[in-house]
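Here come two complexes built around chain A, the first alongside chain B, the second alongside chain C.
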Partner chain A sequence: MSDDGAQDINRSRAVDWALRAYVVAAYAFVFAPILASFVFSFNSDRFPSLPLGQFSLDWYRAVAADPLVWEGLRNTLLVGVVAGVISTALGFGAAYTDYRYQFFGKQVYLALALLPPTIPVIIMGLAMLAFLSRMDLSGNALSVIISHVVICAPFAMAIVRLRLSQMDPALEPAAWNLGASEWQTMRHVVMPFTRPAILGALFITMAVSFDEFAIAWFVSGLNETLPVKVLGFLQGQVSPRINAIGSFVFVTSMTLVILAQVLLAGRDTTARRASGEQE
Partner chain B sequence: MQTDTLVSIDGVIKRFGSFVAVQRMDLDIRKGEFLAIMGSSGCGKTTTLRMLAGLEAPSEGVIRLAGQPINDLPTWARDTPMVWQSLALFPFLNVRENVEFALKMRGVGREERRQRAEQWLERMQIAEFADRNIAQLSGGQRQRVALARSLVVEPQILLLDEPLSALDAALKVRMQSLLKNLQRQTGITFVYVTHSQSEAFSMADRVVIMSRGKIEQIGTPQDIYRAPRTRFVADFLGSSNIFDGTVSRILPDGVELDTPSGRLRQTGGSPEGRPGTGRPATLTVLDTRMRLSRTPPPDGTNVVPVRVVGEEFVGATATVYLETEHGQEIRVQKGHEELADLSIQPGQALFAHWSPEDGHLLTQA
Partner chain C sequence: MRRHLSLYGLTFSLPLLIWQLVFFVFPLCFLVALSFWTVRNFAMRPDFDTVNWVTMYGRKVFWQAYATTFALAAVASVLTSVLAFPCSYAIAFKMSDRARRWAVFLMVIPFFTSYLVRVYSWQIFLSDAGILNVLFGWVGLGPYGMLNTVGATMIGYLTLSFPLVVLLQLFSLVFIDRTLIEAAHNLRCGRLRTVFAVIIPSARVGLVIAALFCFILSFGDFVSPVYLGGGDPTTLSILITDTTKSGQQWPRAAVIALTMIGTLMVVAFLSVRFAYKGRNA
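Take a look at the complex of A and B:
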């Protein structure tokens, strides 16, 4: 349907409405459980039931008062930030290698680099536990960081690679030709060009690490991250505190993901403006 | 080596695997000249330019800049800036920062950088856009930024790789005169790679025509246009009619050829390289030098009976396409007034003729 209110003669009204209804239903299906958890986290009742009780921040207070939650949060943040930075650096390196060099076995190199997220997490967790315990690295924050870098780096690589694919292949040689060494070019051309993707990758990898449960459960030992703590709570008792923690984790990772989306999409509009404008 | 030679390309070969992109090239580029390298895609013109810029290394041979071999110098250690076909401006920097880039990389201080960039921004008439993003500029303004960015280091030579190919026709012509004036005023040697004959011929002092990695001809635009050296050049320029034949007689100042279109006479030109009697030879006649008439001209020299195939309008002139009895295509370019008298119709029989001194004998097959 166009802005002036005239009917688009090539579209059927009924189909339009059906498609809209479909979109609403699909999103409802995806987001209803999260929304329910979010709503019940502010509900004063002990058990989730309708009609809702009073609005209350009790569960958040209870969570905030729990030293175990703070410990989990501290671990999660530490792991998330460190794993995010390391995996973004590794992902950038892998993506740049792919962009810059042609070499024998490059397809295999890329396939291996992108493989970790496709491995079932249980198997990955078990393997990590077996390997790290043999290296005497199991059961602490470092072991979670190592494991999370393994699963996060491919995401960072994919994001940076996408951005590099938008870079004019002449940009780097142009910088060399203007007197910039390879290091100067990396610093003054490649990094600034990929900056939105680097920041985006940083946020996404932090969000992935923040949410990751299965592998952390295997390797974290006593230094449990927040998702692992949540499971601990669930096993002990059903408490709306879980809704509160869940909402917090959800909002945090959504914020990171949205930040990444804004960064990655923002560049596209400038590119479109660039190509659309003429004298 | 001449004293006014800036760049000498000496026996340079460039191979990519088994593909030979440039075949044993010898070329001297003079100080302060505007040299155009022209050819169709894959002829080795861009590879040659990239070797000058230091983006490709020659497989064999030596390239000298001001007498010094530069084969092993990386591109960032040479003063051979290039203007790219895509312009390759830095999209994350504004106009001023783009222009300052080369100075910054060379460690020039902030104040001097700003001053020198300012000069070029003004010279290229883009000073008012200095703080804009590249994305906010028009095509012509971007060209100027690209030129300023390359020229700010005041190099001896500027390499240009089809920089105008993305512009519309009117802007292209304006940029051509800007480039030509810029080159004259600065005295910087320009090496300009293009596939466009009009760009090369309108700007360059000398034109190099390349085909399949080899230089076919080097000369001024007028020389090449009037006297193509090889069949490839004559074909490539597309402005000559080509007649193949055998030399039947040597004249005091020319030759007579037997061709499928009859006996043709050519006079003038250098006697050097003129083939002997019985040897194959190729004659070219510019399409603007050919005349058409309804009746055969009285002197009977160089007259070819033809039939009209069609007519094409090219602004002030028209190109008439004709065919000889043997099916050879002949093109004649004339003003509309001249053609009006002939009232040309497809299928009509006419006579094409020209003076012997308007013919040109190719010195190489």
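Take a look at the complex of A and C:
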């Protein structure tokens, strides 16, 4: 369980067990709401509490029968996929720029590339609403896509940048020396090397867009995405239907995040295995 | 490395720059202009009038909301940091590499998983006939009114930032030089003293940045104060949504938003300065 260094440090078993219990409690706290949402989405009782009622798919049927939910889902998917693709492309470009070039004002460039997620979404929402409605762009799916790319691109950039930092800096010059143009090198060397990160970034940005509701709420007008619908539900009645939608939302974003992590971790283990073989 | 950008280089660097200038920097600058516009008969008109600033800053409810929001965010960042630290510490120092990777893997998931639905889910636990009160009832306690309290708002803030704070703390802890800790132990420094005298100072930058992110997230959040705190006390974020959504008072909402950004910039600047104090970085 513990390596040699840790054994010297581990002096009290009681403290270690207490810490382990604490970690378990912390993860329980983090996952409790997600689990509860799943459990109660299958529970027949109208009011979600203990003891549990019977197993039931009623809430899922009710949700599936609601055309508004389907419309929200369509908008969410459209926005998520388009915003994901655009922000991954933009983020890749920015990461490559940071990796390869030194130029005047690079700090400002990087700040612009990474800062947007640190601005509270509510302020972004207001700013986007005011700005886009001035340009007659507010109230449609396009406005949500535009805003989501702003906050998603930094995630894509960070993920691709991490992967690029693992690329041997001599790899590109080697390709050029062998007669490949910069474009060919990009196509046949850089892109294949960063492919897991590109896909990972795509999944993560889609998950971010899929879960973002505040900005979408401000700018979407009638073309509400699914999370905005949930927000609407919350303002109305308490209904286990939210658990059904919530479970669906959880499964979707968890799948995206898990896929991304598997892609990004896959390279870790191969890299480690390769370095292990060298030893 | 090339010194100047070619057409090839510009193809990769320009799109993001343009996008963030047009759709990020410009809207935020527009917010500044908007705060000087006037509203007559429910229609906004371009103007240069300080009336919105004077009106908002002259209102007691604004300053109350400001103090509330600031205090809540400050408490949330201290509380989250303190609660997250034993967890990050245990993951960093008491787990095998394999377990640590699993821990990170699991903690990343909730960070990207619908915060809104997770907050809704907390209502199931906290409401008057909810899970926690039923459990309390079994041991003869309660029921307690937990929903629509400041405590519930705090649980929401924790839900929002706990995973991120653990991850950020963890990344600063795993980079601590282990020989420092062994040296402290060899010099007969006790467990707790090692934590406070060696580990926390070494990880200061990461710990402060984690707390800063918690502050930023809590300061701007409107979901927890509304759906767990019951909208009372009013926070700045609630004030913004109310001002925006009801009655075209966007310029006044812009004043609130700009005040929030200003506050966050000052807090961020001070935290970063504190984090790097005494370092030549």
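By our rule, the second predicted complex is superposed on the first by the 265 of 279 C-alpha atoms of A that agree within 3 Å, B and C clash if a C-alpha of one lies under 4 Å from a C-alpha of the other, contacts with A are read in each partner's own complex, and residues count from 1 in each chain.
Just so it is clear, a contact is a pair of C-beta atoms (placed from the backbone, for glycine too) under 8 Å apart; a residue touches a chain by one contact, two chains touch by 3 or more.
Small disclaimer: the values here were computed from a predicted structure and weren't measured.
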Following superposition onto chain A, is the placement of chain B relative to chain C best described as a clash or a fit? fit
Please indicate which partner A:184 is in contact with in the superposed arrangement: first for chain B, second for chain C, both, or neither. first
Identify the partner contact of A:231: answer first if only chain B is touched, second if only chain C is, both if each is, neither if none is. second
Is A:64 touching anything from chain B or chain C once the two structures are fitted on A? First, second, both or neither. neither
Give me the angle at the C-alpha centre of chain A between the C-alpha centres of chain B and chain C, rounded to the nearest 10 degrees. 100
On the A-aligned overlay, A:175 touches which partner chain: chain B = first, chain C = second, or both, or neither? first
For chain A, which side has the bigger count of touched residues, chain B or chain C? C
Shortest span in Å between Cα atoms of chain B and of chain C, once chain A is used as the common reference: 10
Quick check on my understanding: which residues of chain A belong to both its chain B contact set and its chain C contact set? none
Using the touch definition up top, name the residues of chain A that touch chain C in the complex. 1-3, 5-6, 8-12, 15-16, 19-20, 22-23, 26-27, 29-34, 36-37, 40, 47-51, 89-94, 96-97, 100-103, 109, 112-113, 115-116, 118-124, 126-132, 134, 146-147, 149-150, 153, 157, 182-183, 186, 204, 207-208, 210-211, 213-214, 218, 227, 230-231, 234, 238, 242-243, 245-246, 249-250, 253-254, 256-258, 261, 265
Taking the complex as given, what residues does chain C use to touch chain A? 1-6, 8-9, 11-17, 19-21, 23-28, 30-31, 34, 83-84, 86-87, 89-91, 93-94, 96-97, 99, 101, 103, 105-110, 112-125, 127, 129-131, 134-135, 158-159, 162-163, 166, 178, 181-182, 185, 191, 213, 216-217, 219-223, 227, 237, 240-241, 244, 250, 253-254, 257, 260-261, 264, 268
Chain B-touching residues of chain A, taken from the complex the two chains share: 168, 170-171, 173-181, 184, 188-189, 192-193, 195, 270-271, 273-274, 277-279
Note which residues of chain B are touching chain A in the complex, please. 53-55, 74-76, 80-82, 84-86, 88, 90-93, 101-102, 104-106, 133-141, 149-150, 153, 171
